[in-house]
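Take a look at the structures listed below.
After this come two complexes, each holding chain A, first together with chain B and then together with chain C.
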Partner chain A sequence: MWRVLRDLLRTNRAFAAGVVLLGIVITVALLSFVSPYPPNDAYVVPPDVPPCWAYPLGTNSRGQDVFWQLSVAIRNTLLFGVTVAFISRCLSLVIGLIAGYTGGAIDRLLMSINDTFIVIPLFPILVMLYFVLRDHMSWLLLALAMAGLGWAYDARLIRSVAMSLRTREFTETAIFSGMTTRQVLVQEHLPYVLPIVFSTTMNNINWSIGLEVTLSVLGFTDINTPTIGVMLYWANQHTAMVAGIWWWIAFPVVLVVTTFIGLFLLAVSMNEFIDPRSRLDRVQG
Partner chain B sequence: MSSYVRYLLRRIGQFVLVVFIGVNIAFFITHATPIDPVEQTISATTSFGSTSPEAIALMRQSLRDLYGLQGGLAHQYLAFWKRVALADFGPSLSAFPTPVSVLIRRALPWTVGLLTTATLISWALGNLLGGLAGYHRNSRVLRAAGVVAMGFHPIPYYILAFVLLIVFGYVWPVLPITGGSQMNLPQRLDAAYVGSVLLHSVLPLLSLVLVGIGGWFMGMRALVSNIVTEDYVAYAELGGVSPQRILRSYVMRNALMPQVTGLAMSVGGIFNGAIITEQVFGYPGIGSLLIDAVHAGDYSLVLGIGTVSIVAVATAVLMIDLLYPLLDPRARVG
Partner chain C sequence: MTAAPILTVDDLRAYYATSMFGVAREVRAVDGVSLRIERNEIYGLAGESSCGKSTLIRTIAGAIRPPLRVRSGDIAFSFGDRRLVMQTATQAELSAIRWKHLSYVMQGSMSVLNPVRRVRHSFVDFAYRHIGGPMPEFLDGVRSHLHRLDLAPEVLEAYPHELSGGMRQRIAIALATICRPDFIIADEPTTALDVVVQKSVLVMIRAIQQELGSSLLFVTHDMSVHANLSDRLGIMYAGRLVEEAATAEIFSRPLHPYTAHLVRSLPRIGDASTKRGLEGAPPNLAVPPPGCRFHPRCPMAMAVCGQQAPPMEAVAPGHRVACFAVGAAR
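Right after this comes the complex of A and B.
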């Protein structure tokens, strides 16, 4: 495991860049634990101060230090993405492995449902959910809804791997030695699928953060939990751009774009690493 | 022939399933949650000034009627399907008494136009450049294009649209940043109006294309660089087939098939992006309508747009699926 990571860092520039970018983001997020101000307190510092020594990223119109606000926001945003990714990974693993291994009618049924969830436009559905719940909308509820809607694409990927694993000899050996379906899936097939799951996790975190930012900017989430989207929402509410408080908008955007590109690079380079053909290509070229 | 029919039937079955599950989700989100939209509307409209209890009772009655919320859940469920089938979601509350269907019909062409153009441009351009990049692996220009495409790809539609808005709205104001056309122009087919519509669509289009192109680019590049190692390509090369012809009819042609399937799978995602982009640029399509409806508390309109979007996306996917056999002979005869 560690050797693989070290080799990747050495040979794969995209992976190294992704690690560095994500490292910066996570450092900023971890700094939130030593923040001098509670995240929801307003008017703790003079408002609208441009970036300077005392306030490296300036302060916003609500009298909050942009840097410390940003660190709490990115922490919540990352946590949100990881939560959604974790729950939806569990769903797609269970469905993908079962569909791929059992095949037949169960596979067809599961994949029809799966394809439905791939196609259905999620944004209007999430907006409807907010519209009905309004103030009852919470961080966790949104995470659950998005995990429940966002597992499908990767379940299909996992299924295709599971289908090829089913025809391999070790699966037959496992069946003949009396393992139950559950045991075969968990002990024999899961380890083969995990690398792909890691790479899809990055993409899923990206996807969920992107949607969360979008919904929050429009004010369609719990606007009292600071996330990157909520930060931009408040900046828009105070017409920060027109007022020339560019640092209130620019820094969250830069940080969240860094997160996206970092995660994306990790996903791409892991994919390349998993696929033996492209790995060989890299070694030769 | 029979396999072609079976293919069509399977695709149509999938379409029915998508619409069925989608409409069910829409129904259960809006009807089976403990929060009552009628009470919400009432508390929103009566929070200013005092209203007599009788008036509130009357209002409650007519709102229940309007929203299709009378009777038990089963009754509401059937009534909801009837509304979907007739595309009749009652009058809009924020634009009373205009029916929801009229508002949607007015907005839909803008969204369809923007979405189709953006999807076609990014799909064609992404596949073309990706194919070239996979074939000419040592070209510097194409490698640089790959880096740019990959850089834009992971950025969500909202953020990119927002950045473009800032760049072209404040930093370098050369393009119109809001609306679908110039306000004072009459809506008729003349050069001034069409030009203004095109000019206003540049920024929304640009943000959709910039985000969309990367995925196609990378997919196509990976497919092509796998296909060029196939024996039949080597054979064609040895046989003296010109490189352009190899790329066009031996390599790209085969690589296009999974990309068409990919297009069908990503329609929903692109639609999400279009909704958001419209809102950023105040484009008069479905997206702006939906978000305005949420802010105005217009229950019928939100429900109508949600349902129409599900049906519209499912239809678009079905159309792509039905075109697929034209490209892939295996789906036609195999």
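Right after this comes the complex of A and C.
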């Protein structure tokens, strides 16, 4: 495992670049734990100071240090993305594997639910959710809602793989040896679909962070929990662009774009370290 | 033989029933097959493609999935003093005998191993549940069993794609025999191998079978494999058993016209004559011909052959044939 990672770092530029970029982002996020200011306190430093030695990324119009604000924001944003990806991956794995393996009426039922989720427009639903919940809207509720909406594409993908696995000899041997459906799915089929899930996880984190930023910039989330989107929301509220406080907008944008690129690079190179067959191709090639 | 046969199949009918766009179709893949397999015996099942060999052994193994259905007939195993009728056995009873008493080398057994799991995991997944005990002991048992099949213990840590076809084949056989089953079903286990590897695998199968004292139901369309391995041979044609006898007897004195053609078609050293193929093609099992299913292609066909199905009758001890012409000639 560690040797594979080391080899990947050496031979695969995309993986190395992704690790470095995400490393920077995660370091910034971890620094939030040693932040000198509570994240929601305003006017703790002089407002509107451009980047300088005392405040490396400047301060904003609300009297907050942009760097420390940013570190809390990226931590919450990353946590949000990972939570959404984790919950939606669990959903899509369970639904995809069961639908593909059992087939018949269960498959039709699950896939009609699945297709419903694929065709409904997500953005208006999330906006509507905000208008229904208003002040009750929290970080966790939004994550749950997005996980509940974001599993459908991958469930279909996993189902298609599971359908082909169902007809393989090793599945028949597994059934013949007395393995239950759950055991077949977990022990035999899950390892087969995991590489696919790993790379889609990265894309799903990207997707959920992007959607969260969009919603937050428009103010359709809990604006008291600092995230990248919420930072941009407050910058817009204080007309940072017009006032020339460019560092309040530029640094969050740069950091979130770094996250996107890092996750994307990991997603494309992830397959090689998960799948033993493509790993072997690389050894030979 | 005094002891009860290990497997008794009585008048088994297994059909594929499909209903598509309101049109019901029934493919009679196995239609009235009866056979007995004794302990410590290798029973060969031969026949051309789509004659129902695989369906028959699937049914015998109890690996029945729709659209395959058993219409009538009995399949009974007796392991030691335990008797088990497949049709009435519960799922729990079936999983209790599987692997431990009854194992199955699937067709295309090169791919019985999960490509993304190490070989060790396949052994643990499939066989450990039937053996139990401490895991290190189980793995030691697996290693010594692999040694018997000329496999290094290192293959346990390999992925299937890292092994050659012959090695995978032997692992599949090791998987099926690890629990020392009383009855092994093998569905064309050597078909994908070249003749050299095939020979060594066959020798190993025979050695393992003799060591365990188990019975083996061996299915292949390759008559030369049967000549090497089987004690007794059953010939299937279009879903029915047409002839059954000791292997040497089938090759030296085939009685059924189909068997006779089959044996005559085999090349012999020194024989330079041109081989003649049998006219026609095997019937569509969805609409089989009436009477004897072989009569449209049979050179000895009589009027009765198109009306009634010939019963399977013993013509000599241990030699059964289903043919009116053979009966009339006697």
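The rule we apply is simple: the second predicted complex is superposed on the first by the 270 of 285 C-alpha atoms of A that agree within 3 Å, B and C clash if a C-alpha of one lies under 4 Å from a C-alpha of the other, contacts with A are read in each partner's own complex, and residues count from 1 in each chain.
Throughout what follows, contacts are C-beta pairs under 8 Å (C-beta built on N, C-alpha and C of every residue); 3 or more make two chains touch, one makes a residue touch a chain.
Just so we're clear, the structure is a prediction, and the values are computed from it rather than from any experiment.
Participant: Looking at the superposed three-chain arrangement on chain A, would you call chain B and chain C a clash or a fit?
Facilitator: fit
Participant: Considering only touches as defined above, state whether A:65 meets chain B (first), chain C (second), both or neither.
Facilitator: neither
Participant: Considering only touches as defined above, state whether A:206 meets chain B (first), chain C (second), both or neither.
Facilitator: It touches chain B, and chain C stays clear.
Participant: Contacts for A:264 in the overlay, against chain B (first) and chain C (second): which applies, first, second, both or neither?
Facilitator: Touch partner of A:264: chain B, not chain C.
Participant: Touching A:107 in the superposition: chain B (first), chain C (second), both, neither?
Facilitator: In the superposed model, A:107 contacts neither chain B nor chain C.
Participant: After superposition on the shared chain, which partner residues are touched by A:122: those of chain B (first), chain C (second), both, or neither?
Facilitator: In the superposition, A:122 touches chain B alone.
Participant: Give one of first, second, both or neither to describe whether A:154 is in contact with chain B, with chain C, with both, or with none.
Facilitator: neither
Participant: Which partner does A:132 reach: the first (chain B), the second (chain C), both, or neither?
Facilitator: first
Participant: Name the contact category of A:222: first (chain B only), second (chain C only), both, or neither.
Facilitator: neither
Participant: How far apart, in whole Å, are the nearest Cα atoms of chain B and chain C in the superposition?
Facilitator: Result, nearest C-alpha distance in the overlay: 11 Å.
Participant: Can you list the residues of chain A that touch chain B in one structure and chain C in the other?
Facilitator: 277
Participant: Across the complex, what residues on chain C touch chain A?
Facilitator: 61, 63, 94-95, 98-99, 104, 106-109, 111-117, 121-122, 125-127, 129-130, 159, 161-162, 175
Participant: Going by the contact rule set out above, which residues of chain B touch chain A in the complex?
Facilitator: Counting only chain B, the residues touching chain A are 13-14, 17-18, 21-22, 25-26, 29-30, 33, 35, 37, 40, 150-151, 153-159, 162-163, 166, 170, 218, 222, 225-226, 264-265, 267-269, 271-272, 275-276, 279, 290-291, 294, 299, 302-303, 305-306, 309-310, 313-314, 317.
Participant: So in the complex, the part of chain A that touches chain C is made up of which residues?
Facilitator: 168-170, 172-179, 183, 187-188, 191-192, 275-277, 280
Participant: Quick one: in the complex, what on chain A touches chain B?
Facilitator: Those residues of chain A that touch chain B are 112-113, 115-125, 127-134, 136, 153, 206, 209-211, 213-214, 217-218, 220, 232, 241, 249, 253, 256-257, 260-261, 263-264, 268, 277-278, 281.
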